[in-house]
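Both complexes shown next keep chain A, but they swap its partner, so chain B is in the first and chain C is in the second.
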Partner chain A sequence: MALTIDVVKGDVHVTLVLNGDVDTKTAPDLLGHLTSLELHALEQLRLDLIEVDFVSSAGLRAIVFAKQKMPHSSRLYLIGPSSEIVETITKTGLAQAVVIVESEAEI
Partner chain B sequence: MKDARTEREIGSIEAEASMDQWETFIDFATDHISRWVDDKSRNYKLRLAFEELVSNIIRAAGSDRQANSTSVVLEISALERIDNNTSWFVLRTSDNGAHFDPQFESRAPVDTAQHVNERAIGGLGLFLIMQSVDRVNYQWKGGRNVYELSTQLAADSSQPEQGSTG
Partner chain C sequence: MDLERIDNIPTDTIAGFRVRPGKPLPFGVSSVPGGLNFSVYTSAGTACTLVLFSRSESAPLGEIKVPDHYRIGDVYSIVVYDLDYEDLEYGFKIDGPFDPVQGHRFNPDNILMDPYARVMSGRDEWGVEPDWSKPYQYRSRVAFDDFDWEGDTPLEINDADLVIYELHVRSFTKSDSSGVKFKGTYAGIAEKIPYLKSLGVNAVELMPIFEFDEFENSRTHPDTGEKLFNYWGYSTVAFFAPKAGFAATGKFGMQVDEFKQLVKKLHQEGIEIILDVVFNHTAEGNERGPSISFKGLDNKIYYMLTPEGYYFNFSGTGNTLNCNNPVVRNLVLDCLRYWASEYHIDGFRFDLASILGRDPWGAPLSNPPLLEALAFDPILSSCKLIAEAWDAGGLYQVGTFPAFGRWSEWNGKYRDTARRYLKGDSDQVGEMAQRVQGSPDLYQWNGRSPATSINFITCHDGFTLADLVSFNEKHNEANGENNCDGGDDNHSWNCGAEGWTEDEGIKALRTRQSMNALSMLLTSRGTPMLLMGDEFGRSQHGNNNAYCLDSPISWVDWTLLTSNKLLFDYTQALVNFRHQHPCLRINRFDHPGSSHLPSCSFHGTSPWQVDWSAESRQLAWLMSCDKPDSKLMDAVYVATNTAHYATWFDLPSLPQGYGWHLCFNTGDASTPHHAPTTPYNEHGILVGERSVVIFSASPSET
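Moving on, here comes the complex of A and B:
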């Protein structure tokens, strides 16, 4: 399934609203969007995964890339990931690097 | 006494191992997985393992193409296997690329406790393959890399519907 990404910029955060699958074919699109942000100066990055059904290791690598480029004090939120995506993130030890919330209202 | 094992092929496809054929491979697998594996979590994990595996095969094929100017052909089969009265759904890949043994049995696990800022980017794919299916096998057979990803089926999951064997 194709991936569409909408970028919403706030005062101290950027939200990427993803719709589709983040797999080997589409993860480069996500990485491209992340690379275009000034990650080194970003306090908060929010990835809205409510409409995402699937994230492969290529998608996880894009998330790791973003977190590595962001300041140590920054926060990377994953909004509304499915239980299967949360399980993958937890299994790979990446849950320590992100904050998982059910909706943006929780932030 | 020998183990009782039978298997039948449900469907198969063959195409060049390249990203141009990505949807062909993924659509074949997801179609069969959705028909055979009812459990949502197992369904997701098998798809995840399959995507990681095919991604690795295509990447290796790209290196082969650059080094030898040869095309790698990837064949994928979906199988139903009965092994000692236990039903399995199996996705088998077979490719004529360079010999690559992932050494699943002896592979060191990814250090999941390592802080994300110190993480190397590689290694997650094979880790997820091993973690996501009940059985994973590799064989170098007849000059081909042959992988099998197997998920155990619930007792009432075999033969999902008439006419679904293509």
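Moving on, here comes the complex of A and C:
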């Protein structure tokens, strides 16, 4: 399934709204968007996953890769990931890089 | 400016795929910019075709015949560009002679799994009936091997300081009573790490987690209709791949990450991880078995074959890996190096390890190259190497296993002696005295140390501890083999009734015998190993060979942690006691002892005198050393009475300034252990029938 990515820039944060699946085919798109954001200076990144059904290994790695490029004190929020995505990143240890919230209002 | 490599441009197009000659190393599949490098070796094969699939499809995406000029020596390697490596499954077709008498079983139509596959698909979810119509059952896949270890490294705990806990990944948490979310998986074990930490064990030994097929030889119980599986997994399909069916994320192909996460979490809590590895045979069986990988790649090299081309069977399972052939030796080395470096594994326990010391014709070698290579390998230098020092072909090498100063051994003599002593057999006192010192009679002669001896009373083979004290006979009817399987020499005693009983006296005796066993095990020098669930009385209802049972018989029943809390608390206290007392963990046979007492001395009902006669049922041992970084002495006195009557023991005198504290007394049913805060002022103690007492020495209060 194709992936669309909308970028919304806020005062202190950037939100990427994703729609579709993040897998080997689409992870490079996500990575491209992420690396164009000057991550090294970004204090807060939000990924809206409400409309995302599936994130594969490649997709999760793109997210972790992004966090590694950000300042140590920064936060990477995953908004509204499905329970399956939450469980997968928890079981595989990829959750330590992110903060999971159900909605943007919680941030 | 990052320069592009000049050797990364496709040079050919084969079957619609852009390709170029690959690099022989590393074997298996590896990433190169824009593509994947595939490498496989076959000494007798004459042609190689790489077969590519999209995940789970029956028909291949394509078949790429590797040009002969891409071959270097016996290795075919090729780079293929533009592949979706998360979706990819691959295999090889190897052409060559079919001449079984000469040892060759090539079949150019058969798709073979990459022996170096780091991920395997085909059994992604445990117990899901496979599609047997698929032409290629066990499929090689590409692994994401990047992982954030957060600075993790192997723990390198001293051998003598280990308390090992053997467990089966699925059994450990499959039961609903486990209370974990990810039942029966690596993630499930991770959820139980706080429990393991509270118990005090600092190493877990996982029964096989290399990919195996639970449906191998699966059958239905002739009477109950229950499905029986290859449950324990001593039949490896893919040596470099963690079993997907043990991963909660296996269906997504993320078992590598999940398993690494488990290792990292265990290490963070100070717990090592040892893998039970099976290099004595493979899942391919004999000439009637399937051709999964080795048989079709290089049958003559990988297997020990008779002159007629049949399979030697020193493993009892159909075939025997030819471990001292240089090619196979390299595979074993590559495999273990991979797990040690990629997965930070702390040690390996080798199933039927005596096979690893046989030559290609089955004869035992005095200096087996494989065992030597493993002992001196630089990457494995800090790994524990533990041998199950026997095989199914008649070799029994406990005490004589070619150790090269490195290997430790499952000490079957400890198991048998402890069991026989525990149940009060005659003529065991002398043997027991050897075992509690770390078995110098077995290991001192060739310069080994007490930690060479992995001391155990129970393991996956045989009764659980609760069943050891509840059954005289095995009861393996659930296995569907008319109770003919499993060992008969269990050295067990049911305490007066076979199996379940309402007799409170028998139940109390069984609890006491369990505590006695654990007391002896955890105060012996050497490296103790516990079987999962023994600390709270796990039972398999008398089944001593539950290899095929994916059922509550095998699964740990965690409700016993509550109902047998007394036993758990006792075990926990014993493990902690062992960690607190260095004199129990001395790792030299020639240790000088403390400033006041010898390193290890034996006593009977009178100090410094032992009745070594065949009818003696009393033995005490006193261990002592100077505490590290201290002028204080550490001393532990253990008195065991396996007679059916209480017996008075006079306590050995301690040096001026020290007094005894009673720490454990299995004869005290209500309070078998307590903190050693109160000095024990008597000159002796009445040790109850079939009981053990344990004292520690502390500076006297002035």
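Observations on the structure shown:
The rule is short, and it goes like this: the second predicted complex is superposed on the first by the 107 of 107 C-alpha atoms of A that agree within 3 Å, B and C clash if a C-alpha of one lies under 4 Å from a C-alpha of the other, contacts with A are read in each partner's own complex, and residues count from 1 in each chain.
The rule is short, and it goes like this: contacts are C-beta pairs under 8 Å (C-beta built on N, C-alpha and C of every residue); 3 or more make two chains touch, one makes a residue touch a chain.
The structure presented is a predicted model; accordingly, all values stated were derived computationally and were not measured.
Partners chain B and chain C, brought together by superposition on chain A, clash. Within the superposed three-chain model, A:Ala97 lies in touch with chain B and with chain C [touch as defined at top]. When the shared chain is aligned, no partner comes close enough to touch A:Glu51: not chain B, not chain C. By the document's definition of touching, neither partner reaches A:Asp6: not chain B, not chain C. Of the two partners chain B and chain C, more chain A residues are in touch with B. In the superposition on chain A, A:Val64 makes contact with both chain B and chain C. Only one segment of chain C in 80-88, 98-106 or 656-664 runs into chain B in the superposed model, and that segment is 80-88. In the three-chain superposition model, chain A touches both chain B and chain C at residues 23-25, 56-58, 61, 64, 87-88, 91-94, 96-97.
Partner chain A is touched in their complex by these residues of chain C: 84-87, 144, 146-148, 150, 181-182, 185-187, 247-249, 252-254, 257-258, 260-261, 264-265. By the touch criterion stated above, chain A contacts chain C in their complex at residues 23-25, 56-58, 61, 64, 87-88, 90-94, 96-97.
Residues of chain A touching chain B in their complex: 23-25, 54, 56-58, 60-61, 64-65, 67-68, 72, 83-84, 87-88, 91-94, 96-97.
For chain B in complex with chain A, the touching residues are 19, 22-23, 26, 40-41, 44-45, 47-48, 51-52, 54-55, 58, 110-117, 119, 121, 124-125, 127-128, 131.
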